[in-house]
Every structure is written in C-alpha cells, then in structure tokens.
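In what follows, a single structure is set out as structure tokens and then discussed.
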Amino acid sequence: MTALPEFRPSDPGFEARVRDSFNRQPAMHLIGARLSLVAPGHCEIELPRRAEITQQHGLIHGGVVGMIADSAAGYAAYSLFPADSTVMTVEYKLNLMAPAAGDRLVARSRVTRHGRTLTICSLDVFSWVDGAETHCATGLATMICLHGRADTPR
Amino acid sequence: MTALPEFRPSDPGFEARVRDSFNRQPAMHLIGARLSLVAPGHCEIELPRRAEITQQHGLIHGGVVGMIADSAAGYAAYSLFPADSTVMTVEYKLNLMAPAAGDRLVARSRVTRHGRTLTICSLDVFSWVDGAETHCATGLATMICLHGRADTPR
Amino acid sequence: MTALPEFRPSDPGFEARVRDSFNRQPAMHLIGARLSLVAPGHCEIELPRRAEITQQHGLIHGGVVGMIADSAAGYAAYSLFPADSTVMTVEYKLNLMAPAAGDRLVARSRVTRHGRTLTICSLDVFSWVDGAETHCATGLATMICLHGRADTPR
Amino acid sequence: MTALPEFRPSDPGFEARVRDSFNRQPAMHLIGARLSLVAPGHCEIELPRRAEITQQHGLIHGGVVGMIADSAAGYAAYSLFPADSTVMTVEYKLNLMAPAAGDRLVARSRVTRHGRTLTICSLDVFSWVDGAETHCATGLATMICLHGRADTPR
C-alpha cells in the first residue's frame, strides 16, 4: 500500500548482537523456535510444529503464536537500537485469523516507526500447509529501548 | 469501579469440561502451567518460575505471560459456553507493565461481556515476589464460541 | 512484505452501498471527513485540518484520528459484505506514532482477512505536511457482519 | 478482583491543570463532552447523545466513543504527572461490547500502572438507557509523559 521504510542500523554489529540475545532466551529453545532472518528493522522466526506446543484442537497454541510474534517484534526493534541498550515489550496485540494448522510457522516483524524511546512493529504469522502459505495472525507491538542497560540479567 | 457481572453457566458440568480441555493442551504442560481456579466466567492459571521459560534477562518470557493470559481468558469464556461447543481466540492485547520477576505468576481472567457469538474477557497477570503480589500485565481478549463443534481435533 | 489479497465483492453495487452508508453518518459530517476511495476490501477517508477537531497542542485529536480509522476499516469490510447486511466494530487498536500535524489526514484501511462472520482490517493514517506524507498512526480492527440486518436505525 | 491502586499526585494543583487542558481541546467542545470527574489517577467524561455524533444506525459513533475514552485515559494519567509536563497517547485499544444506545455516555478511566515515562490506563464506557447503566465498551491505553514540555501548542 505504501513503501516500507528503509532503516540504517546505528550499530554495524546488529546481527551478531540480535542472534546472541535470541540464543540466550531459554523459552525460544523450549518451543523449538529458530531465528531465520535478521535485517535492519526486520526479523523472522521459524517454528516447526511439534505435539508439545499444541492446544486441545491439535493446533499450535495461540499463546505460542504470540511468543514467536512478540520475539520477532522485539528483535526487529533491537536490530535498530544502539549497542549499549536492551529491549522490553511495552504491549502487543494479535489477531488470530486462521488456525495455525501447518507443519511450521514463520513470524515476520518489521519496524513501522523507530523512535529514540519507543519503536512500533508490525507482526505477521504465516502457516505453511502443503507448501502453501496461510496468513494466520497479524498484530502490532510497542517496544521500548532501555539505553545504557545491558541485555543480560541484572 | 463498577460491580462485576455475575454469571450463571448454561452447562452445570462446566468445571469438569474446562479442566478436561485444559488437560488436553500439551503447550500448558510444556511450560508447567496449572489450572488453579475455574468459576462461572472466571479462570486462574498458575505458573511457577523455571529457567526454561525465561528470556535473555532471566525473567519469564513476555510471550509465556501471554500464553497463560490467553488460556485463562479462553477458559473464563468457555466456562459460560454450552456443553456442545468449543472456543477459539479472535484476538488478545497485553500490556507488560512490570518485569515478570517472581517465583510464580498467576493469570486471572474474567468475562466482561458474554454474548452468543463473541465473549470479551479482561486479563491480569500477577507476579509473586517475596510473598507480595505485583500486577505485571493487563490485557483484553475476544473469544468466539463455535456452537456444535467438539473441543477436540477435527 | 507479502502480496496483498485481492478481493471479489459479492455485491456488485458495493460502492454505492458504502457511499450511501457513509453519507448517513452525521459524525463524519461533523468533523468534515470525506470518503475519498472505495474499492473491494479497501477504503480511504480524508480529513482536512480544522481548529474544531484539535486537542490542547493544536494537533488533530487522537480520538478523531481513531474516528476516521475506525470508519475506514468498517467500510473496507462492508465493501465485501453481502447487500443484505450491516457492519459493526468489534474492536480496534491504534498506535499514534507521530503528531497529526498536517493540513489533512488520510486514513487507509485494507481487509487482511475476510470471513463470513468476522473480518480483520489493517489501518494506517497519514498526515500531509508541506506536500510530504508522514505515517502518523497504524492499527488493526475487527469487524462483524450482521447478516439479514438493514444498515439503518432499527 | 484486586484492590485498585491509590495514587498520590505529585502536583497538588492537578485538578485545575487537567480541567484547563480539557477546556483547551476544541474537539471535546465539538462533540459536546464534559469533564465530570477528576481525581488522582481517575477521570470521567460525560457525553450527552446528539444526532450530530451518530453513525448510520442512529447510535453514537464508535469513533466518538473512542474519543471520550482516549481523553479520559489521557487525563487520568495527566492527573499524576508533574506540573511541568504534557501527555500524549502512545496507543489505545477499545472493544465495543454493546450499542452506545442511550441518552448519554460516561467514559471512566483509571491508571493501572504509573511509571516515569509510560502510564497504563483502563477504559470503560457506560451508556445510560432509561436510568440503567450498560457497559458498552472496555479498553486499555498507554500514555507517555513528556517531561519539561508545556501542554500547549509548540
């Protein structure tokens, strides 16, 4: 509908910084999520279907869809943050539009607006069924940049 | 601020139905969540802190907070649904207000408005630190009642 | 990021039906909004800046931004609904990313997923300042189709 | 469900400051809204029904419901802010649960969490029909405090 903004990261080491942070998230390991793409203001997380992450209908749990969407948004934002900072989620909102029914999910997030304090990201989750992509969730997230704080436990 | 609505469940067996459905959610087992309270239009889910469900700061992952909030809302709604139905999440929105820093979380959801098709629920998540409760997240969810459909895989 | 869905309206008279409904919204006249584009699953509403619709900083009120965003989403959805139906907003969420500072606003909404009961729409509001477009708000809305009900007062 | 937080305003002149700011919002005058209550972390706005603020079904427009909800949240937050500051809406989300069908609406907002930068507010809108209150909308808003900036046009 409109041209996507192009972002220039302030930290040239953004990709290694994002990947390192993702790898220190035990919750992403627990569900089997993988960071499949990091670019300035953009992040994708893949999640293969496993029985352990389903709900009572045998579909991937809506909360798990939210987990990868929230993480993708956090890292889309964090890719633009300065090296000496960390990221926290202020809020997110997700519409679950179609069953998360496939063999794997891909959560894609893009920064819509990058500010010094707050960064807004769009979220989209796609389900792969028989080689075709279904747009199964869409959402928005607001991330905050904590300047001068390490991305590790306090 | 205003009196909470009191609900009369249409299905007297609502509690067993909700507990049975919760028990068939592998994702709740995976993170270690427990259904601690079911009442008409009300549900609470407890989650002890474990390293496996944390993020890079050592706090419980915001997406995991969303998982128990979404499930609590789904079951608060489902407690009011007829026996011959199932529940799906249309959308949810969560504000993460304080770090999920304690030994355990409690997600509480209450039905705000119960309709034939759509049911709206409030969500609140509390973190227990040193015996004191911190209100760490608040949100809203919209649930849909699928009449005449079983609460099992199709 | 991904190809937008293309929609085929079930009612060939969708544009006249949408324009007629918009014209029967006194609240849109009150703020001076104009329906600038209707296409299948797509709607744009323009709003020139006037002092009457501002807030205490002299910017267009955030709630007025929400009004045109909500209406644009309602009519993007309604363009795909059958002739014998009406539309109601279930919920909407809006991030106000930049001041609504220009001479006019344009709210654009597109249907992301069209279902028989629920239709999900994306919302974007742009502000025109000195001939340049600023993306000042982004959001999501859930609309419900009330089949067999007239789009007029009961 | 849980005790509401009690707030101590940092500015003893908070009520006059909030009322003055509200009175400088032309958009609130345009729709006929009135600031009916200001207390620390709490605000109520009343809106009598007039034909000019309705939509095509003769109900108060959902976007107008959002306008008074957004303003109530902004002023609930602003009541707790320091004298030398202003408030902006980061985002809001509203579920329209029942038609805004009565003679007047009352939007009530309470601060759920007050932080130095971000303040989270709950929103509820009630419609008065034949002397009885209907809970017609519920929502959440995130407000930002701009320290050291005047609450007037720049």
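Should a chain be cited, it is by its letter among A, B, C and D, assigned in written order, with residues numbered from 1 in that chain.
Following the convention adopted for this analysis, a contact is a pair of C-beta atoms (placed from the backbone, for glycine too) under 8 Å apart; a residue touches a chain by one contact, two chains touch by 3 or more.
These numbers come from a predicted model, not from an experiment.
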item: Centroid-based (C-alpha) most distant chain relative to chain D; value: A
item: C-D or B-C, whichever has more C-beta pairs in contact; value: C-D
item: Centroid distance [mean C-alpha coordinates] between chain D and chain C, Å; value: 22
item: Whole-Å gap between the CA centroids of chain A and chain C; value: 28
item: Between chain B and chain C, centroid-to-centroid distance (C-alpha), Å; value: 32
item: In chain D, residues with contacts to at least two other chains; value: 90-91, 93, 95, 140, 142
item: Complex interface listing, chain A residues touching chain B; value: 21-22, 24-31, 51-58, 60-64, 66-71, 74, 86, 88-96, 151-154
item: Touch list for chain A against partner chain C, complex; value: 1-2, 4-5, 93, 95, 97-98, 108, 110, 112-113, 115, 120, 122, 124, 126, 133, 135, 138-140, 142
item: Sites on chain B touched by chain C in the complex; value: 90-91, 93, 117-118, 140, 142, 144
